[in-house]
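Common to both upcoming complexes is chain A, partnered first by chain B, then by chain C.
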Partner chain A sequence: MERISAHQFVMLGAAVLMGTTFFPVAQVALGVGGRDGWMAVLPAYGLALPLGLMILALAREYPGQNLIKISETVLGKWTAKGIGLVYLIVSIYFGALLLAQVEDTFKRSVLQLTPHVVFIGAMLFLVGALAWTGIEVFGRFAEVVFPLIILGLIANMVLTLPRFEWEEFFPVFGEGIKPILFAVLKLAPYACEYALFVAGVIAYLPQGGQDQTQLRTGVWRAVIIVGTVNALLTLTELLVFGPAEAKRLNYGLLSLGKLVEIEKTISGVESLFLLIWMGGMIIKVGAFYFMGMWGLQAVFGVQDHVKWYLLLAGVFFVIGLFFQNGVELVQELSVTDDYLILPLAILWIPLVWGIVRWRRRGKAG
Partner chain B sequence: MRSWTRMLKELTSRPHTRQIRKVPPLPVDSELPKPLSPKLMHSLLGESTDIIFREFSLRGQEEIPCTLVAVDGLIDKLILDSFILRVLMVDFAGEKELEQMTVDNALKTVYKFLAPAIELKIINKTGDAVDAVLSGDALLFLGDTGEALIIGSRGWANRGVAEPETESVVRGPREGFSETLRTSTSLLRRKIKHPSLRMKSLKIGELTKTDIVVTYIEGLAKPDIVQEVMRRLGRIKIDGILESAYIEEMIEDVPYTPFPQVRHTERPDVLAAALLEGKVGIMVDGTPIALIVPAVLAQFLQVSEDYYEKAVIVILVRFIRYVGAAAALLAPSIYIAVATYHQEIIPTTLALSIAAGRSGVPVTALLEAILMTLALEIVQEAGLRLPKPIGQTIGIVGAIVIGDAAVKASLVSPQMVIIVALTAIATYSIAYYDLAIALRLIRFPLMLLAGTLGFFGIGLGLYGLLIHLLSLRSFGHPYLSPVAPLRIRTLLQDTFVRAPWWALKRRPQIADVDEPRGGGQ
Partner chain C sequence: MSKKLIVLMASSLLLLSISGCWDKREIEELAFVVAIGLDYDAQTESYQVTFQMAEPSKGGEGGPKVDTRNITIEGKNMIEATSKSFEFINKQNIPGAVKLIIVGKDLAERGMNESLDFYQRLYLLRRTVFLLLAEDKAQDVLNVKLRTKDVPALTLVDIINNSSDWSISPLVRLGHYLTILGRKSEDPVIPVVRPVKPGENGMIYKADKEGEAEELQLSGAGIFKRDRLAGYLTEDETKGYLWLQDEIKLRLLDTSNEAPPVYGGRVVTTKTKVKLETAKGVKGVRFLISAKATIDEFQSREQADNPAEMAPFTYDAEEKMAREITRECEAALAKSKEMQLDFLGIGRQVEINDVNYWKEIEASWPEMLAEIPVSVEAKVQVINTGATFQGPVNSESEGEE
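Up next, the complex of A and B:
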């Protein structure tokens, strides 16, 4: 069985946690939390910590198994199959929606006349190739691409510094703390997406004692890096556009890229930044593609065969093509996040972890 | 339709009328006739005119018939004349050993007392005898006892130790491997004077019986990799090995990739440095090119001189090389994408200049770039195979005369000529020829993607390339190491930059050896 190193887990986890969230994060945070919405970002990503650590604790108890398989032991075969089916459906549906979002991003910004099918087909080809090469190559892909994404985001933020309007920052806590808490709740599904990925990838993690410490530290690192960068990004959009304008922009980061000018020579570099962010999109869609495969394997017991990869790609393709309206797509992503991913993650993971812990205490007592 | 299928059936079912000829495989020793004798050697080798059968007698022992068998051109005649024939036929007379000599002990007596040569061996197997003679050794029969004496007398015309043309350096050793395997191994042995340097010999090629030496440093090279090299070499079934490229293609992990997965070198210092890093070398008789495994992508952008210059200078040189590689791969694609889709990212004056340059050009930027790059490839290929002075003329005519005329005739834009020239120069900054060719090949699909989808297309191509590179391995070692999987020490010390020698305290992580480079100092 393939294995990924502790470092690859950190990078892969961080890349999945970041994924494409840098596009909507500012709009959601500032839209719900108002001017102080940027403060909600880090705590919202912080939800990934308890969920991630619970899953790692379960992985220690049941090495080499993913959470669906562990659930079979803990909750019984048919309950686990039911949860696995929900996991499978959520993964495929949300992954396909993200694929459609990639298409929407490129179509809006740089290639307005190119047909939808080209974007979706091309991205799916890359994602399928990445999935076919295995989780180890996926981990290495994240190791290369994630630092580039972070550098790209930092560059974008730094290069827009001349356009900062510092008065947009004030007043702090002008609307109290309540909107920030609502924003945390609204952003929480991003952490849950990560948790559901970790629920699947634990089957490939190293088992050594030293590795366990590194894995736990890895979850912390991923949350802190991604939470901080996205909080700074939200702050940047706040300072450049102001809260009212920022919550109107579906893809604020692209608008931010349009404002970048280097030495009065290169300007409007959002197409160049898109090249880097494309890597993040591949990782996020790839993660859900993998989750779909793990779901298929766990629920229906299918083997690692090219026909299942093609079938899954076909389903992604059809769903992805269905959503061609950007606003409709954003709403659908939000609904899936709020009503499927969030409940699945915060009910399933603590439940399995709680039962395992309770049983162990019972045995010890 | 039916007639076509019938014709096809007839063609495929037609019995073979040609006589298939096959070279009989060399029989294994147990299948050869016994006992070993001059007559048997004559029957096996005698029809070739370059085989020498010199019959003579020992002076004072005329009843013992002697035969010397050797291949003309492969032996050092001076050794045989002065130290074998002269001793046995002239100087040997009157010695006390001669009086005690009989047909039965003649060979042992010569071996012990009378043949002043280093490489001597008594054999009784016909296969060994044939191998020895065809490899350049001489075979001496004394009587018909079923035994013979192999005399190490190899010596043939070779070009000696010369400076390698493809890996020339400003600072560093000037010697290169030669076509003679033993000369090459001696050059390596001179670099690493330690008993841990291992050289394992084997022969590959049913007909050529090419000598191969697998070399590594015991304790530094991973035993798994050494075993894997021996396993892969052992399973090669081919009639002849004429160059190490044959072996390279047959032992690499993924055959269908343009990227080199085995490094090769003509320089003993490069091979020695690789062995000191825990790698394994493969040397092949008949070629000065030695192979090094495992290989990672970053090493194809490094040259031996990187380790002979000051570290600060090397950082700059390597940076230039990486930029050159990126330009060689991407310059035409970026130009196409900007000229076709993303004019907004360049200043207005430059955009206007490009538009003015392209006015009157009858083809799209994509087609223009492909045609120009193709023309460049043709000029390069034409110049490569011709004698040097003519090759230079081709380059001048191709690049300057045709380029200038094409711009004046409005067939191409001046900007495109600049881009293509820049790309060509950038390609030469890549130290390793095989990698340069791979990048030249990949440039074309990237241009197509840029021409159809702009930066999105370039992104698709680059991420596709990245996935491909990440999936490659060289003898089990990830091709993009130390970037992915991350090996932080190697990455910081000797990948994009090189740390000074005093800071390179540990070996690269590929060796998995904790011993410091300084031997614990």
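Up next, the complex of A and C:
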């Protein structure tokens, strides 16, 4: 079986956790949490920490298996198949929605007249090819692209410094702590998306004792890096647009990219930024494509054959093409996040982990 | 790096470049719209949208030149006007080059958000474009044939930057205007532009065509109640606004409102701080302005030719300049209170400094603006007197009498 290194797991995990969340994070955080909403970002991503560590603990107990397989041992075959089916559906549906979001992002900005089928088809070709070459290549892709995304985000934030309206930062805690907590809850699904990916990728992790420590540290690192960068990005959007504008803007990061102007020499670099963001989109859609494949394998026992990759790509294509209304799409992504991904992750992972731990204690007792 | 990965990354780049060619247009097919003027005609109940295009051409011996082409289109909304423009413009209208949007007085009085909506949604149009308010019609400003033969929009951009550097009028971008609209406690301000005929507003020049305005002036500002023009700031009030907003960069200042001797100076650094203070149980806002200035002009027959003689004059200049700054600020404050429009962001300052108090008074804002005590304290420090201590002197006291 294919294996990825601990470093690849860290970079892949971080890239999936980041994914395309840099697009909506400020709008959601400031929309729900108001002026202090940026404070909710790091704690919300922090939810990935307990979930990720629980999954790694289970992977230690059941090496070479993903969480659906582990659930078969812990919860019974049919319960696990049921959960696996939900995992499969959620992965395919959400992955296809993200695919449609790629198209929405480009059509709203730099490529307004390019037909839908070009975006969806081109992205699927890349994602499908990436998946077919295997998780190890996917890991390497993340190793190259994730640092570029982080550098791109930092560059964008720094270059918009002249547009900062510093007073937008104040008053701090003007509305108390409650809106921040609501924002944490609203952002929590981003961490759950990551946890569901980790639930599948654990089958490919290295098994050595030293690797285990690196993997655990890797989860911490991913959460801290992504949480901090996205919190700073939210803060940047707050300081540039103010809370009301940040809430009103679709994909505020795109508008932020357009604000980059260095005197009369450099401007119009938003297309370069979009090229970098596309790397994040490929990783995120790719992650859900992999998850769909793992779900198919675990629930229906399908083999690693090209026909299943093509079938999955076909389903992604149809769903992706169906959502052409950007407003509906954003709404659908939010609903899927809130009512499918969040409950699945926070119920399934702690349940399996809790039962395994309880049984082990029982045996020890 | 594995071969597969290289192939994948190369495919990504190739695919991206292919999609970019989908809707490509050659540069000569594009119309570079550099300014948009928005007017409203109450009689026909329609908008008049002026597109100012800069058209590069080969020019003569002096190298390439840029010609101006203006076209004003009437429509019931921005979409209709834009759509109609394609009946007249032989090139693809590209809003990515827009540098400024000028709003006519009639439209500003009616409320301009509905017409700006179309442009703020356009991804190609940057939020960094400048917003100006025309004293009368926006198209009149854009149709001015400048003596320099330059494109009015590009000249205006330079005037805006110059005027912002010398703190004559506020620099307002579309993005900033939208951010201010998002604040419950603050109203927007937009600088005013006008065509100037020979002899008007202190500008004397010889026009190529008699009776035509061939220069543009940026001074004063329009005050808005949300998106509707509610009044104007005079030059002094605008300067007061800039002090209170801490938007002064460099500033030329004179003390001609004071008793002689008159000093002229240049403010080189300044900082405005805002404090919420309680006096006799009443909360008020206090602006503290500190500035460093040079003395660049000293209109007096009394002269000083050494530091010891000059020092008292610098102290006098400091006091007079501080009073001048205070006077300008008080003029802006009086206008704000008189019009009950919080364009100075006093409510926002209360919110920043004491959010609980703000919540108490928020419902009665801006009506309460007239009641809340606001004070200004300015301090000026003269740092030098330029190249000399004293002005030019007549030899042997000739002419002193």
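Going forward, the second predicted complex is superposed on the first by the 364 of 365 C-alpha atoms of A that agree within 3 Å, B and C clash if a C-alpha of one lies under 4 Å from a C-alpha of the other, contacts with A are read in each partner's own complex, and residues count from 1 in each chain.
Basically, a residue touches a chain if its C-beta (ideal position, glycine included) is under 8 Å from a C-beta of that chain, and two chains touch if they have at least 3 such contacts.
As the structure is a prediction and not an experimental result, all values here were calculated from the model.
Undergrad: Should the pairing of chain B and chain C on chain A count as a clash or a fit in the superposition?
TA: Aligned on chain A, chain C clashes with chain B.
Undergrad: In the three-chain superposition, say which chain, chain B or chain C, touches more residues of chain A.
TA: C
Undergrad: Of the partners chain B and chain C, which touch A:I266 in the superposed model: first, second, both, neither?
TA: First partner only, chain B.
Undergrad: Return first, second, both or neither, reflecting whether A:S255 touches chain B, chain C, both chains, or no partner chain.
TA: It touches chain C, and chain B stays clear.
Undergrad: Tell me the contact category for A:V32 with respect to chain B and chain C: first, second, both or neither.
TA: Neither partner.
Undergrad: For A:G174, using the defined touch cut-off, is the partner it touches chain B, chain C, both, or neither? Pick first, second, both or neither.
TA: second
Undergrad: Going by the contact rule set out at the top, does A:G242 touch chain B (first), chain C (second), both, or neither?
TA: second
Undergrad: Thinking of the overlay built on chain A, is A:E165 touched by chain B (first), by chain C (second), by both, or by neither?
TA: In the superposition, A:E165 contacts chain C only.
Undergrad: Considering only touches as defined above, state whether A:R140 meets chain B (first), chain C (second), both or neither.
TA: Both partners, chain B and chain C.
Undergrad: Touch check for A:Q112: first (chain B), second (chain C), both, or neither?
TA: A:Q112: touches chain C, not chain B.
Undergrad: Just chain B (first), just chain C (second), both, or neither: which does A:Q8 touch?
TA: A:Q8 sits against chain B, while chain C stays out of touch.
Undergrad: Could you tell me which of 6-14, 114-122 or 168-176 in chain C overlaps chain B after superposing the two complexes on chain A?
TA: 6-14
Undergrad: Taking the stated contact definition, name every residue in chain A that is touched by chain B in one complex and by chain C in the other, in rising order.
TA: 106, 110-111, 114, 118-119, 122, 125-126, 129-130, 133, 137, 140-141, 144, 267-268, 275, 278, 282
Undergrad: What does chain A use to touch chain B in their complex?
TA: Touching chain B from chain A are residues 5, 7-8, 106, 110-111, 114, 118-119, 122, 125-126, 129-130, 133, 137, 139-141, 143-145, 264-269, 271-272, 274-275, 278-279, 282.
Undergrad: Can you list the residues on chain A that touch chain C in the complex?
TA: 106, 108-115, 118-119, 122, 125-126, 129-130, 133, 137, 140-141, 144, 163, 165, 167-168, 170-171, 174, 240-245, 248, 254-255, 258-259, 261, 267-268, 275, 278, 282
Undergrad: Mind pulling up the chain B residues that touch chain A in the complex?
TA: Residues in contact with chain A: 341-342, 344-347, 453-456, 458-460, 462-464, 466-467, 470-471, 478, 480, 483-486.
Undergrad: Please name which positions on chain C make contact with chain A in the complex.
TA: On the chain C side, the touching residues are 1-2, 4-5, 8-9, 11-12, 15-16, 18-20, 22-23, 96, 123, 126-128, 175-176, 178-179, 181-183, 348, 351-353, 355, 358.
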